[in-house]
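What follows is a pair of complexes built around chain A, which joins chain B in one and chain C in the other.
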Partner chain A sequence: MSIGILSIIIFLPMVVALALMVAPFSSRITRNAAFGVSLTIFALALYIYTHFELTGTIQFKEFYPWIKSYGISYSLGIDGFSLIILMLIATLIPSAYLLLWNNARSKSYWISMLFIQSGISGTLFSLDLFLFYFFWEAMLLPVFMIIGLFGSGNRVFSTLKITIYTIMGSLFMFVSILYLGVAHYYEFGVWSFALSDLVNITTIAREQKIFLFFGFMLAFAIKIPLFPFHSWLLQTYSNSPTGGVFLLSSIMAKLGVYALVRFMIPLFPDLFAQFSIYFVALGIFGLVYFGIAAICQMNIKKMFAYSSASHLGFITAGVFALNVQGMMGSAFLIVAHAIATGGLFLLVGVMERHLGIRSLSGLGGIATKAPWFTLFFAIMLFCTVGIPGTNGFVAELLIVLGIFHYNPYLGVLSALTVLVAASYMFWVFQKAVLVKSDNDVSNMKDLSLYEILGLLPLAVLIIAMGVYPDLFLYKIEPTLQHYLIDILHVGVK
Partner chain B sequence: MLWTHLGYLLPLIIVASGAVLLMLLSPVERFSMERFSLFTFVILLLALGVDIVYFGKLFTAFPMEGLFSKMLIVDSYSVYFDALILSGALVTSLIGTHYFQIKRHFKKEFFSLFLFSVFGMMLLVHANELLTAFIALEIASLSLYVMIGFQKIHDKRVEASYQYLVLGSISGTFFLLGSALIYAGLGTTILGDLGKALDGLMGKDVSLIVIGATFILVTFLFKISAFPFQNWTIDVYDGSPLPVTAFMAATFKVAIFGFILRLMLIDLDPIRDIWDTLFVVVILATLLYGTFLAIIQESLKRMLAASSIVHTGYLLIAFVSIGYAGESASSSIIFYLVAYFLSAMGAFGLISYIAADEHVRVTYEDFRGFAHVHPYMAAMLSVFMLSLAGIPSTIGFVGKFYIFTGAIEAGYTFLAVCGIIATFISIYYYFKLIALMYFYPACEKEGTMIPTLSGITPITIGVIAIAVIWGGIGNTFIAYFPGVDFLIDTARLSYMSLFIK
Partner chain C sequence: MSALLAGIVLAPLLSAVLIGLLYMLNITQMPLSKRWFTLPALFAPFLSFCFGVIAFLEVANSGTALHFEPYLWLSVGEYKIYMGFLGDKLSLFMVLFITFVGWLIHLYATAYMSDDAGYGKFFFYFNLFLSSMLLLVLADGPLIMFIGWEGVGLCSYLLISFYFQDNSNVVAGNKAFIVNRVGDLGFLVGLAILFFYCGDAGFSYTTIAHHVASMPSSLLQIVGIALFIGAMGKSAQIPLYVWLPDAMAGPTPVSALIHAATMVTAGVYMVARFAFLYELIPNVGLFIAYIGAFSALFAAVIATKQSDIKKILAYSTMSQLGYMFIAVGLGAYSSALFHVFTHAFFKALLFMGAGAVIIALHHEQNIFKMGKMRRVTPVVYATMLMATLAISGIPPFAGFFSKDEILLVAFASGEYVIWGIAVCSAVLTAYYMFRLFFVVFEGKNALHVNHPHDVSWVMKAPLVVLALGSLLAGFTGLPSLLGGSHLIGSWLGEWGMRVISVSHETEWLLLGLNVAISLLGIGIAYQKFYGYDLSRHQEAKGIVYNKFYIDEIYDVLFVRSIRKLSEFIAVGLDVNIVDRVIMGLSHGFIKLGHVVALVQNANVRFYALIMMLGISVASCYLIWAVE
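Then we have the complex of A and B:
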């Protein structure tokens, strides 16, 4: 039995984490090992990226039967959409490790990070819904641990809250998955939970299908989070340790959008198209609502939490716009936003370490103390706002175009709302970083070499993707075309 | 022929004669408690070894029909349940070792009683006749009543024992009355014949049989602590010595289900749908009330007792589904029993290990910061909590998967959703413990000595923890080593043996 490359990506961090758990190593060795693992995975991901063929099909497949009596298999594979998220994970996690280099001094911190990486990859590659659910929920345990062990404030309450909240959503998805499995059994006489089999089901009545649709939707909406399922967001983000909030905002939230595309479009193409208007509207509403909420925050972490939710609303709207611009824009914004938000949260983590947790009014004048910090902060910020020349601009432009095609009124609205982000982001930048104030920020130090090394690739990516988006778009386009044309039967270019 | 039949009955014979032998030997001063404990272990292991010979084969037989008529049956089904009961007893004796060493009030007769109750449970799954079943049930219960109250220095024990005795006996009389009514209606008490006689009566008035069977179900619901007969559970579980609680919660339930499934699947099949609505109500109430009780408990042991009521609810969901998805629902019950048995046994066993010292109260608060002092024990306890909560990568998750799939297959999607909601709430009371253990600094109270990891008990618990995880992720990658598939396949096989005519 040979082990496929995707399996290695999933299980390498887990195996290393298990070994480190038992081994009596110091946290430094643990950290170096974790970093080594993340670099290995980056190399493997690069291999996949270069060998990925430009078709809409699923590649690098692996298949082993698991629970045979119920037709459950361990089956993996990636398409263009999962590929970009894989690249995202592979690039962002080493960066994050570099920024946490001297910051996270506990062994279990690194072990949790490794476990999370395993869970995320597993979720990303699963082609069997049972397996997908397996990873989707198992991924939560290390998150639970990392917030509970290393969070601040009322961490135990926050970690229980996010755990219970997300499990609630996923359990409803679980029922939906089971229902699909049973329906498949009744229609074809064999058990299967493979996505490619479940899409063939024709016997489910419309009413039931709507229930199933929302069963899935609930799980993803909580994870993303869409309005009104965001109530876990603020507390979790502000109480999480830097590594946790980084993973939650820049990767795990994106998995919600990913699953939306990967599973809901093939499973419920008609309902997806039919309900799209509501979700585009909901996404845009979320964009505005969270944007306004962000303006009202005085704590940078909380503000970025809302800003992140605001962008995810935008991404969701793009996905539901049912055309190639919208979807491509969403994919692009997933990447752009993951890099930018991830970077911003990491930078805020640096700031917190030097200055402690402070509200905006207690900051100011950091620019003179920490020029590198300011530079990277600015790049990430420009990307979030969507300044031309960054990838955020390309992404937002595409989504706005997509929504315009979908519905001109909503398009106008979405174009205007992009301004919201600009208003609070620049305000933060001005208030916290640029303008001199009486507040004592003498403890602020500039970025260390490790931190600069970690952020540099992100900054380069932001600019490169902003200037030359095709570099990246061509890999994903066939997959999106496949979703739109073959499955949804819309958006012929 | 005689030898084959004796072979079939050998596990029963071994356990029964072991029980008698231990009883006779108990006045002999020369044999210490440790010896008795070891002897019990050997007897159980022997019986399990004999039982395993027949494991995984499809067959059914009435051993020594000339002597026993059709009162006893041996088939793949009973072999499967025997294996479960014997492993449960084995694990109990292993995890109890430490407890019995520390607590000196246990007398040697305890082990004899223990074997008697194991014998009763095994007899119950072999019973092919209502009165035999009643006798088996009473053997098991009577031994348990005494085992609970054995440590008589404790008021709580006596109260638990007495409460269980009184209520259990009353519920037992229902069984007897039910059997009488069924006999009055059908003229036989032998399973198999009951079904045939009932088939002949279809279209006529069967109310006598329905009432009789309902009475039997009352006993069943009482023993598995379903609503509205659940009130004794928390007090009795809480009042019992921990190894006995583990034994009751895990093993006794297995035996009860073993008998009632046999009765329901074969004999009451024609009229089973009469109880559907009743069962739906019972399930909802059991889930609701069990969840409510579990949330408000402060002591860990009481929480586990209350949560066992919730797990009864899940099992009943599968139980009501057997009418419409017989095979998958029945095997899901069997699988879930294994899953629950492992997780609960581990949890109770570990707590009993920690709490062997009399003065430790085992509330949630006592576990604050536990992980920083005893990382391995905390990890094991977390594994059991995760499994009870049904989180992926544990056997509890696979068990829930089977149960809810069976329910949806049977058309009870609504019940599956209710089960899911109960599961969701259960996250709270299971994760609370994990959170307390890990997320707070250690505060070792003065005077509480928690034993270090050594001896047979922690090893057993460790093995159970690995089994729990293996049951959740195990697969066919490792050849010749049973994975998830193995358990459900053998469960299906044992289910099929019920229908061999």
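Then we have the complex of A and C:
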């Protein structure tokens, strides 16, 4: 019995991390090893991408019994939707390493990063709800380590707050998962937590289903975050070190949306369709609410935290739009936003390394000192704002079209997206980067070669996906059509 | 052959990428000589122009439009959108003068920007702009057009805030971008509605034209207005015009190319492109015409009191765009496009002439600090005179014919209010343009701070070419009344001349009236400003000088109120309510813990008491249960 490629992707970083923990290597060697691992995973992901077949089915499946007496299995697989997130992670993490190259000098930083990559991949591939829950919680632990050890400000409090907040949310999901397992046992006489089995349950009454639905939803809403479950976000983002905030914003938040699609659509197709209008509305509300809140922030990280929440609201709205345009747009915006926000946080990290942590009023005039920095900042900014020629534009356009299709009135509101990000992003660019001020920024240095190499693939992706989106979309479409037509029964061939 | 269309767009795009890379190399690694930037920057628009001419001749010979679809841009569900180019009579007409005037302005800019440290960056943006503009024009479908549409907006932002170290420039750039985005919001809404009626058969103009007839009229009106809101932003019409005067913060060639000759006419082009839609909803067309008329008048009134040479020209641009919208609103597309065409020549010339004067005076922009420029730069003087005559509507200069045609259309359509407003604006136009001209070139007792100098021939040569254009361009649309054959009107075919049902006598009368009112405006300006004594000039005051305080009102209404709202949300709601509830919950748990902890107080008598109570209650229950 050979080990599957998905298992390698999950366990390679973990094994290397464990080995590095006990081995007496310096932080430099640890970093190089971690970077090597991330490149290996990129190669494996590329292999999967090229061998992925254009059907809506789950591929690269792996299945081993884990806890037999309760039917818990180690069951993995990916479809088109998880494929693009896999590609995203595989591309972003090496970039992050390059940006952090001389930034983080501690060995445990790199080891935590490796563990995080394992946890993320596990969450992404799990097809067994128990396994999923395991990875979902496990991926947080190294994040706590990174924030708690390397954060700034009131980092211990931030760590506690995000920990308790998210674990509380997850507990509701855990109860729902157990309930589903028990219901499956009562109906079929065997234990199982596999997604493919749990979708067959028919005996749960509607009222109970609603409770289960919101049990799951709470966990995901906190992670995404949706209004009003976002108050952990600001402190966590502003107190996190660069690597932590990068992973939280560009990857983990997206896993919340991913899980929404992966688990909630098959488990509760009726409720998903029925409650969709509220979540589309909530998503658009979040887009505007967080967007407006971002305008007055003087701390760049807090502003980008709100910006993130704003975009994630929009992504969620697209997912609930129940049509292929909306879902495709959300999938695309997940990628676009992960790249752009990730890139921006990494750039802010570079700035903090040179200048220390500063509020917006203490910055200015960086552009002349650091042209490469400015160039990449501008590209990420244009993507966030959704300028045509970047993937951000394609994504926002598709979501707007999708929501229009769903409900024209909400569609008009969703078109506000063209104004929301522009209202603060250009201002922050003006204030922090462009305009000369009296503040001393003489310590600012331009990007090093490593940093340029790290950001270049992101910039290229932003533009390539904007100029020729279909090249990237066609891999996802069959999966989304499968969700819509076969599960939700709303799409048309 | 049709692949040439892509070539027209790609040439400046590739050149922009090349220049951009060279520029990054230039500022980070090794200094390059300017030639590295000049050559591609000038070659690319020229190449586009050549491609444009070839495509134009091809269409002229064959009579059929060129289509080119290199790849499937987006395919989602049943909707497929191709990266499609359409070279028909309208788009190639636009391409010709955009690339020609664009090339001249590029040439001029090589001299204007020659001492600037951002020389390479400037041409990177400039070529990128040209490419976006050509994409906007050549796109076969509103979605691809929207890419160009937003692309020109972005380049406009980049070029307005070109000198980004100065706060006010960046603020102007942001303002331009965000106001344009308000328009784009409308455009996007219109597009999304259209998409769901016409999207499944591809989203090209042809398929949309097939479908619109079956759409309900009320929906069509919404689409028409929504798309026009986009045009209001891009073409600086009331109420979304506020960005244009501030946009003059960019270098002068930018104002000439983007904020006069090309980008701002995109709104007019868009409405003409959607002629098939607007023809079904004449009431929306009338609305457009009224907006155009009011914008024309409003801008002309403001321009009479301004003292910044570029701002005067900016308001005159807005005013002339108003004329174009009068024409498209009334369905006279070819008249509007004729004015777009002539305007491109004389307005580019005016800006470039103004730029030459500004350079000659070491970056002085206040007309009351100029004066006597005739002696310093006679070539600029002569060419500016021709352009000023053209915009004032004096025959045989270009502006006369195109403006006359628009006024005739307004009159013949029976829209006498619009016609009246347009006539008033024409008087004002002649007045404020000659005010500018007389003060700058003939003003007495000028207080030049620096010694003015003449400018190089690289700057003057394009002026001469454009001056010839300003003189001759009008003859391409010579009305039949004067023995002409409406070359432009007949070339444009389906956008062609509407049959005008007025007698020759009326037509002659209107023509004479137009000349008379222009002369009237010039006469007043001559009276007041010829040989104006600059040393006695007092800065104007009042509501018109302050542009009716519209900027201040917008600032309070939109900018400050949103900041207030932002603070309210971020502090009032988020910190004080949302987070407080969450933290309150957790504190509640802690308090509950404290209360429960009271029970575990290690007091043996207390434990004994609880045991006693427990046993008593249990006993009572048992006794009660047994009975």
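A few comments on the model shown:
Here, the second predicted complex is superposed on the first by the 490 of 493 C-alpha atoms of A that agree within 3 Å, B and C clash if a C-alpha of one lies under 4 Å from a C-alpha of the other, contacts with A are read in each partner's own complex, and residues count from 1 in each chain.
We take it that a residue touches a chain if its C-beta (ideal position, glycine included) is under 8 Å from a C-beta of that chain, and two chains touch if they have at least 3 such contacts.
Remember, predicted model here, so these are calculated numbers, not experimental data.
In the superposition on chain A, contact is made by A:L171 with chain B only, not with chain C.
In the overlay built on the shared chain, the residue A:F134 is in contact with chain B alone; chain C does not reach it. By the touch criterion defined above, A:P65 lies against chain B but remains apart from chain C after alignment on the C-alpha atoms of chain A. Residue contacts after overlaying the shared chain place A:Y185 against chain B, while chain C stays out of touching range. Of the two partner chains, chain B is the only one touched by A:R155; chain C is not.
Look at A:S231: by the touch rule set out above, it reaches chain C but stays clear of chain B.
Comparing chain C and chain B on the residues of chain A they touch gives the larger count to C. The interface of chain A with chain B overlaps its interface with chain C at residues 164.
Of all the residues in chain B, the ones that touch chain A in their complex are 386, 391-393, 397-398, 401, 404-405, 408-409, 413, 416-417, 420-421, 423-424, 427-428, 431-432, 434-435, 438-440, 475-477, 484-485, 488-489, 492.
Across the complex, chain C is touched by residues 164-165, 228, 230-231, 234, 289, 292-297, 306, 323-325, 328, 365, 367-368, 371-372, 375, 382, 387-389, 393-394, 397-398, 400-401, 404-405, 408, 411-412, 415-416, 418-419, 422-423, 426-427, 430, 434-436, 446, 468-470, 473-474, 477, 481, 491-492 of chain A. Within the complex, the chain C residues that touch chain A are 24, 27-28, 71-79, 143, 146-151, 154, 157, 161, 164-167, 170-171, 173-174, 177-178, 181-182, 184-185, 188-189, 192-193, 195-196, 562-563, 565-567, 569-570, 574, 578-579, 582, 586. Contact residues on chain A toward chain B in their complex (touch as defined above): 1, 64-70, 74, 130, 133-135, 137-138, 141, 144-145, 148-149, 155-156, 159-160, 163-164, 167-168, 171-172, 174-175, 178-179, 181-182, 185-186.
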